[in-house]
Structure formats: C-alpha cells, structure tokens
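Okay, got some structures for you below.
The same chain A turns up in both complexes below, where it pairs with chain B and then with chain C.
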Partner chain A sequence: MAYPVIKGARYLLVHVPNMLINNGTTQTVERKKNPDSSYLKNIYKHIRSFEDAVAYPPNQVYIGNISPDELAKMESPWYENLVHGSSRFGRLGEIVPEDEFYAWMKVSDAFELVFLEKGFTDELKLKLKGNELFSENDISKLGSGFEIYEIEKLVRENSAEPLNMGEKLVGCIKRAHDIDVNLSAGVILENTAAKASAAIVLRKLIKDLGIEAESIDYIIETSEESCGDMNQRGGGNFAKAIGEIGGCINATGCDIRGFCAGPAHGLINAAALVQSGIFKNVVVLGGGAVAKLGMNGKDHVAKGLPVLEDMLGGFAVLVSENDGKNPIIRTDLIGKHNVGSGSSPQAVMQAIVADPLEKGGLKIGDIDKYSVEMQIPEITVPAGAGDVPQANYKMIAALAVKKGELDRRDLLDFARKHGMPGFAPTQGHIPSGVPFIGFAREWLLEDRIKRAMIIGKGSLFLGRMTNLFDGVSFILEQNKGKGEEKKQPGKEQIKFIMAEAFRELADNLLQEAGNWNGK
Partner chain B sequence: MLSGKKVIIIGDRDGIPGPAIEECIKTAGAEIVFTATECFV
Partner chain C sequence: MDMGIQQRVMDLAEKYGNEDLIVVLGGAEAEASGLAAETVSKGDPTFAGPLAGVPLGLKAYHVFEEEIKNEVDPQVYDDQVSMMEMVLDVDAIINEVRTYREG
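Then we have the complex of A and B:
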C-alpha cells in the first residue's frame, strides 16, 4: 500500500504574560509556599511586550518567517537582538496576543464558564471584526459581556480564576463543580486554553491548505492535558471538542498521550490509519500548556533575562493519502524505545535512531536533518538544563562515530550540518520533533533535503508509574510519485496477482478434468 | 573513590538518565539511597 503523506503543517504561538503570572505552576507554587518572595515581586519587571515577543527570532522561526539555518547565523542572545518590524503572521503560523486569545477561550467554552467584561467584550468585537479565522458567528458567540461586579464576585466568592490584562480584571473562568478538583477553575482554565489554542491552529491549517473542514475524517489530539471528572480523570476527548470548533462535522477522534512524545506517537498512528485505508484525512494537533508558563522563570529573573516562557504553543499536521507529490512517512522504518531497550544514551539512540535506519539499509548521515527536542536554548541554558537540541545532536553524532560511520573529529560538524538550533517554546509536547515538519515538507518538496527524521521523547517517569522514559521516531522522505509506485507492486498486489493466477490454473485443471471424465 | 559512600542520583532525560548512572555507581561499590530522572523542559 502507498505510504501516507504530510499534506501540510501549521503552527501557533500565543503571548500570555498574565496567564504566566497567574497560572504557571512555578508562580502558583511560589505564591503558596513563599508569597512574599522577591521573585514574585520582581517578575513584573521581566515581562515582555507583545511586540518584543513577535520580534523574538526563535518565535519568527516557529511561524515560518525565518528559517532554522538563518537563526543559526543570527547574533545571540536572541532576546537582545530582536527583529524589529516583524509580523505576527507567518508563512507557517501566527502569533496571537492575549486579549484576542481570551475571545477564543470564550468561543471554545461549551458550558458558560468563561466570563468576559462588557467593555472588554466590545473592544474584542471591534478588534476581531474581519479576522480571517474568527467568524461572524464567533463574534455573536462573545455575547454582550458581563458587569465587572459580577466577575469580581465570582473571583472573590466562588473560586473563579481571574483573567487579567495587566492590573485590570477583564474576565474570569468559573469552576465546573464545587468539590471535584478535576473540574476546578484552574483545570478548566488550562483545558480551555489547550482546546482554544488547538482550535485556532486547526482553523488556520484548514484555511491555509484550502481544504474543506468536512473532508477531515479523524483528529488525534496529543497535548499533555487531561479532561474528565473525578470518576474518569483522563476521560477525554479534546480531539472531538476541538473538531467541533474547527467545523469538522464529519470527524471523530481521540486523545493520544505520551508526555512530550505524544505528537510523534499521534503522527505514527495517523499514518497507520491513512495507509490502511481506514481514513483519508487525519489531523494530528496539540494546544498549549498553561502550567509550563514561566517554568524556568526564577532563573531568568535572577539572571536579568526577560521571562521567556510567556508563549503558549500549538501545531496541526494533516496526514493524507499519497498524492504522488507531498513527502511520505516511511511507515516501514519506525523507531521505538522498547521497555527492554535500556536507558543509557547509547541504548536510547540505538533504538530510536539507528535501528530503523539499519532496517532500511541507511546510515546515520543519510538523514539530512534530525528534528529532536527543539527547545530554545536560551530558555534552558540559564536554568542549568543545557542546550537540549545540541545535546541530542551530539548523542546522534557520537553513535555514528561508534558505528564507524563518522570520524570523531567531525562530530561537531555533523551536529551543525544535520541539526539546527532550538526554536520552540518549552511547552513539553510542542517542541518535541514536530516544529520542523512545516520546514521539512517545504525543503523536501524543493529538493533541498532528501530525508528528515522526526524524533519525540517523553518523560514517563514524571507520572510516577514507571522509571522508564519513551521515544519514537519516523522518517519523512521525498515522494517519488504515484507512477513509480505503480511500477513497483507492493506485497498485497503481488499476493492478489498470485491468487488470481492460481485461481485461473485451478479453473483450467477442473475444466480439463471434466473434459477427461466426459471422454 | 565511591566505595562505602552513600549516593543520591539525579539524572537528566536528555543527558544521562538516573538508572544509567545507577548502573555505573553500583560497580564502584557505593550505596545508592535515591535515584530519580528529571525533565527540565
């Protein structure tokens, strides 16, 4: 059967400095444990403006306006070398400001839990009129808004989570149950933000690719949030809820989880669904993680940096039947870290990178670009976590040296040539392999590269059910066209041809036997 | 160097994970009192 293809990928960033302060877990924990800390007092001085977030070079890469190779040549620290005059709109994505995002959260609210103040609602209606992703129907869904005293009362007396623009209260999110912690205001806020950010990027994917929302058969949601109640904490299903906002009336879907590796698992599953012929068009997507906002903020503030983790991320990828043009997913060369693979870096890279390549008769250098954990290094280095993409590239190169495929002296060159700098926010599943798919699709189509490997890794141990971690990979390759596939019949086609031939032979033999008896 | 010492191991998912460090430390004769792998991203 024909390999499935990547028909397109789109990306989203949402600049949410107020959610960072109010709802990021580093900040909420600090507020509980150490309410008078200097960190909480000083964080306000380290908040970026929307303009600075848009002009931040890695964010411009994430939405497709700057290529990863160009970023590698740009002067760092990038937060001091902003690209002024940058657009919030990119070829592969978009950056949304926080006030507009509150409107998206309101539109994504199915249970009247999001309240926006009257005057603020009027401002949003004016601002979003004419927005190509926000419809007239969405504007009517915003309603007329609520009086500020109603919102203040909900925050003061009913444990509602405030929605701020700076010091100004502009709305709130109510809890959905008075006891169940799974439906608390904080969880509803996180889940609504994950849903809304995924819904925006889904709509963008549909619009930019010029496809009908009705043509999508199945949606796989791969974030790290959990929606459910006290009797089924992770019941789901974000995918269908997001599809509803996206207008995908012919789709159902499910949520696939694997910590940061969720998107890579989701894409492998989508490829299988398409290649088997079960579905024609499957969207794999994920929205942002509110909890992770400002995760390394203490180190950023202590070292005088802006708090760079002020962005929610999102992505959506369309996997479709082979069209003879778009890059294929080599479903016969899937890498996976098994339960018994072992945890040493060498064992991990052997399982995820080397094993699938060996199966396909390929060498480590035959992959032009590896997309690993693509976290922006200047977020993680000040916090002592190092340059994560670089660490991964060095491990891949070291494996190539060990296998005798690379000279030790060329290790760093290999990392430069086959890697790229991290350009995705530290939003868990968001930087894990998928940020490069948009560029990879274009570069494969332009014959700039022949193959790319997408790698997802997940920290399963954080859930305290196992000490294991996880990782999966798949290879994107140039499409050789439908014609070539026809020239080379697959296993199933050969089986069919053989069966037909045997049937014909059997018929002939029976006929001959009949003739003989008749004689 | 580590013989008879008590050791706490904090590994890193994208560096050397805890269980891998544990295997090395065991061979040096140390007593491992705690192992964890952390994820900073």
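Then we have the complex of A and C:
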C-alpha cells in the first residue's frame, strides 16, 4: 500500500492583547488572588501593537515569509529587531488582528452567545468586505449588532465575558448555562476562540491549495480545549463544528487529545486512515488556546520585555493519497514512547527518535532537520524554562554521541545543522512539531533536504491521571514517485507471492500423485 | 517551584525534621534550580506558594553534584542522567544551587 502524503500545511496567528489581559489564566488567577498587584497595573505598558506583532521575526517565520535558517542569522532579541514593513499575509499563513477575530468568533457562534456592538459591527463589515476568507454570507451572519446597554447589562448582571478593544467594550460572550461550569462564559469564550481560529486556517488551507471543501472526508482536531457539558466534559466535537464553518459538507471527524503531542498523534492517525484506503483526504488541525495567553507574563513584565504571549496559534495540514509528488509519511517508521519506555530524557529520546530510525536502518544524522517543540526561546528563557528547541536538539545530538555516531566535540554543530531556532508561540500543541511541516514539505520538494522528523511530546502529568510522559514521531521523506514504489514489493506482497507459488506446487504434486495412482 | 511540590516538601520537613533531610533537584536550568534551592531553604521568593515566608532550612543538591552522583550505581546514572550531563550547563547549575547551601 502506498504511503500517504502531506499535500499542504497552513498556519494562523491571531494578535489578541485584550483577551490576554481579560482571559489568560496567569492574569485571571492574579486578579482573584492579588487584584491590586503591580503586575496587573503594569501589564498595560508591555502590550504590543498589531504592527509590532506582525513585524516580530518569529511570527514572520510562522507564516512562511522568513525561513527558520534566516531567523537563525537575525540579530536578537528579536522583539527589539523588528522587520518593519512586514505583511500580515504570508506564503504559508496569516496574522489576524483582534477586531477581525471577534467577527470570526461571531460567525463561529451557533447558539447566539456572541454579542457585538452595533457601531463595531458596522466597522467590521466595512473592514472585512473583500476579505478572501470572509464571505458575503459571513458578513450577513454578523447581523446588525446590539446596543451597548444590552451588552453592558449582560456583562454586569449575567456573568458574560467582555470583549474589549482597549478600554472600549465592543461585545461580550454569554454563558450557555447558569450553573454548569463547562458552559460558563469563560469556557464558551475559550472554545469559540479555538473553533474560530481553526476555522480560519481550514478555510485558508482549502483556498490556497485550490481544493474543493467537499473533497475533505475527515477532520481530526487536536487542540487542548475540551467541549461538552457537566455530563460529558470532553464530549467533543470541535472537528465537525470547524468543518461546518469550513464548508466541508462531506466530512465528519473527531477530536484527538494528547496534550502538546495531540497534533503528531492526529497526523499519524490521519496517515493510517489514508493509507488504509478508508478516506482519501484527511485534515488535521488545531486552533488557539486563550488560557495560555500571557502565561509567562509576570517574568516578561519584571524583565522589561513586551508580553510576547499575545498570539493565538492555529494550523491545518492536509494528508492525502500518494500522488507520486508530495512528501510521504513513513508510516513504517513511527516513533512512540510506550507505557514501559521509562521517563528519563534518554529513554524518551531513544523511544521517539532512535528506535524508529534503527528500524529503518537509518542513523540519527540521516534526518536532515528535526522539528521538536518549537517554542520561541525569548518567551521561555526569561521565565527560567530555557531554550526548549535548543535543549531538544542537544539531546538528540547527545544520543548520537552515546551511540557512537557522533564525536562529542561536534555536538553543538550537529544541533545547529539538524535543528533551527524556535519560532512558534507557546500555545502548547501549536509549537509541537507541526510548525515546520510547511517548510519541510517545500524543502523536500526542492531537494533541499531528504528527510525530516516531526516530533510531538506531551506533559501528561498536568492532568493528574498519570506521571507518564508521552511522545510520538514520524518521518517525512521525498516522494520517489508512484511507479518506483510499486516496483518494490512489500512484505505482505512477498508473502502472497510465496503462498501462491506453494499452492501451485501443491496442486502439481497432487495432480501428479493422482496421475500416478490412476496408473 | 510548583505549589503542590512546595506543600509536599513542607509536609516531609514537618514529619522528618530538617537535619536528616535533603532535597535532590533535577532542574534543567541554573536560575530555576537556584529558585527551587532557595524556596526549600529560605522560603518561596515569589511569595506564591505554601513556602512563602517559611524558611525550612533544607539543603538542596542537584543530581549532577558529586555528592549525589557518587551515591548512585554508575550504570543507573549512565542510563538515566549521563545524556543530560552532555546537554545542560552543569557548572552553572551546580554553582547556583551551591550558593543557597552556603548562604
């Protein structure tokens, strides 16, 4: 059976400074515990403008306008070395401002829970007219808006979550139940944001790849949000809800969870569905996590940085039948951290990186680029979490040293050559392996690299159900064309040929025996 | 340092006292390891957890330090820790953690 291919990947960032202040958990917890804290007073001075967020070099990499290799050569700190004149539109993605995103949330609202003010709605209609992803039908869905006093009343008396543009109230999100915390206004806001951001990137994928929305058979949603009510807290189904906004009328889908490893698990599942012939086109996607906005804000403010965690992330990847051209997913070389693998970093790297390579007769250096947890280092370093991708690359290199495949003196060079700087927002599942798939696909097509490994890791202990770690990986490889793949019979095919030959031999023997008996 | 872990350290110190109890750290970074060492000796400097204003006076060692390393079966150490010794800034981590034992 032919390997499935990555037909395309698209990415989204949404700049949401007001949601950061109102809804990021670091800020909401601080508001509850220390409402008069200096952090809450000072955070406003550390908020970036949309223009600065667009000009931020890692964001330009995330949407494909700058390559990771170019980023490695750029002067840091990147937040002080902005690329002025940058576009919000990229080859592989787009950056959306907060006001437009409120319109997307309104369009994604199926239960009349999102309220936008009249004048603001009129502004949005003007702004979004002609937007290639926001249709005329979407504009009509915005309706005529609500009076500001109605919105103020909902916020004041009905626990609705405010939607702000700076100090100005422009809308709100209502709770969907008066007691059930799973349907509180805060949860509905988080879920609607996850849905809306995934819907934008799904539409972008469909438009940019020039495919019909109707050709998508299945959608796998891999964020870290949970939608349901008090009787089924994580019932789902984001995937289908997003497919509805994307116009994927022939698709169903489901949500796959695995903390930050969710997208990698989702892609492996998608590959299996396509290779088995169950579905032809499967989209794996994920939207943004409101809760994580400003997660390390206290450290950023204390150290005089802008609060860099002001971006929601999103991605969508299309996995399709082998077309003889696009890069293949080596489904025979999947890395996985098993229950019994052990939790030391060595054991984890052995299971996720070394085991699949050894199975394929490959060495650690045979992978040209590894995509690990691609968090932007200048977000995590000030918070004491170090440069996460760099640490991962060093671990992969150290594993090669332990296996005798690399001289210890070359450890840093290896990490540099086979790695890249982190360029994704700290949105959990968003930076986990998938941000590089867009570049990897292009570089494999251009023969710039032969192989890339996509790694997803998950911190399961956060859910308090197990202390086990998790991680999975898969290898993307250049496609040698359909014909070549057919020439090489697989194990199953060889078994079949052998069985046929034995059957023929047995028939001949029986025939001969019969003839002999008859004589 | 995580709130839950601060509480566990506090409970253990109450149960066993601080004379025969040490804390072994596995932090990947000097500043964070130092913060943990400071939390269990002088109290939580961020004033966020149960050890805020509670100086337990516990001594903290990083797993990379000779005092701990020499107590571990070399094969186990090689299997579990040696790879990270190649990756992390061992000297910076040890120096930072030691500061809080001596200070």
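Methods note: the second predicted complex is superposed on the first by the 490 of 519 C-alpha atoms of A that agree within 3 Å, B and C clash if a C-alpha of one lies under 4 Å from a C-alpha of the other, contacts with A are read in each partner's own complex, and residues count from 1 in each chain.
The definition used in the following text is that a contact is a pair of C-beta atoms (placed from the backbone, for glycine too) under 8 Å apart; a residue touches a chain by one contact, two chains touch by 3 or more.
Note that this is a predicted model, so its numbers are computed, not measured.
Residue contacts after overlaying the shared chain place A:Lys394 against chain C, while chain B stays out of touching range. Legend: residue contacts after superposition of the two complexes on their common chain; A:Met349 is shown touching chain C, with no touch to chain B. With both structures placed on the common chain, the touch criterion links A:Gly386 to chain B and to chain C.
Touch criterion met: A:Gly428 reaches chain B, while chain C stays clear of it.
Taking chain A as the reference chain, the count of touched residues is higher for B when chain B and chain C are set side by side. Looking at the shared chain after the overlay, A:Arg408 reaches chain C, while chain B stays out of its contact range.
In the overlay built on the shared chain, the residue A:Asn467 is in contact with chain B alone; chain C does not reach it. In the superposition on chain A, no contact is made by A:Thr28 with either chain B or chain C. In the superposition on chain A, A:Glu373 contacts chain B only, with no contact to chain C. With both structures placed on the common chain, the touch criterion links A:Ser459 to chain B but leaves chain C unconnected. Counting contacts by the rule stated earlier, residues 344-345, 384-386, 391 of chain A appear in both its interface with chain B and its interface with chain C. Across the interface of their complex, chain B is touched by residues 260, 296, 342-345, 373, 375, 380, 383-386, 388, 391-392, 426, 428, 431, 457, 459, 461-462, 467, 469 of chain A. Those residues of chain C that touch chain A in the shared complex are 28-29, 31-32, 35, 79-84, 86-88. Taken together, the chain B residues at the contact with chain A in this complex read 12-20, 23, 35-37, 39-41.
Interface residues of chain A, counted against chain C in their complex, comprise 344-347, 349, 384-386, 391, 394-395, 398-399, 401-402, 408, 411.
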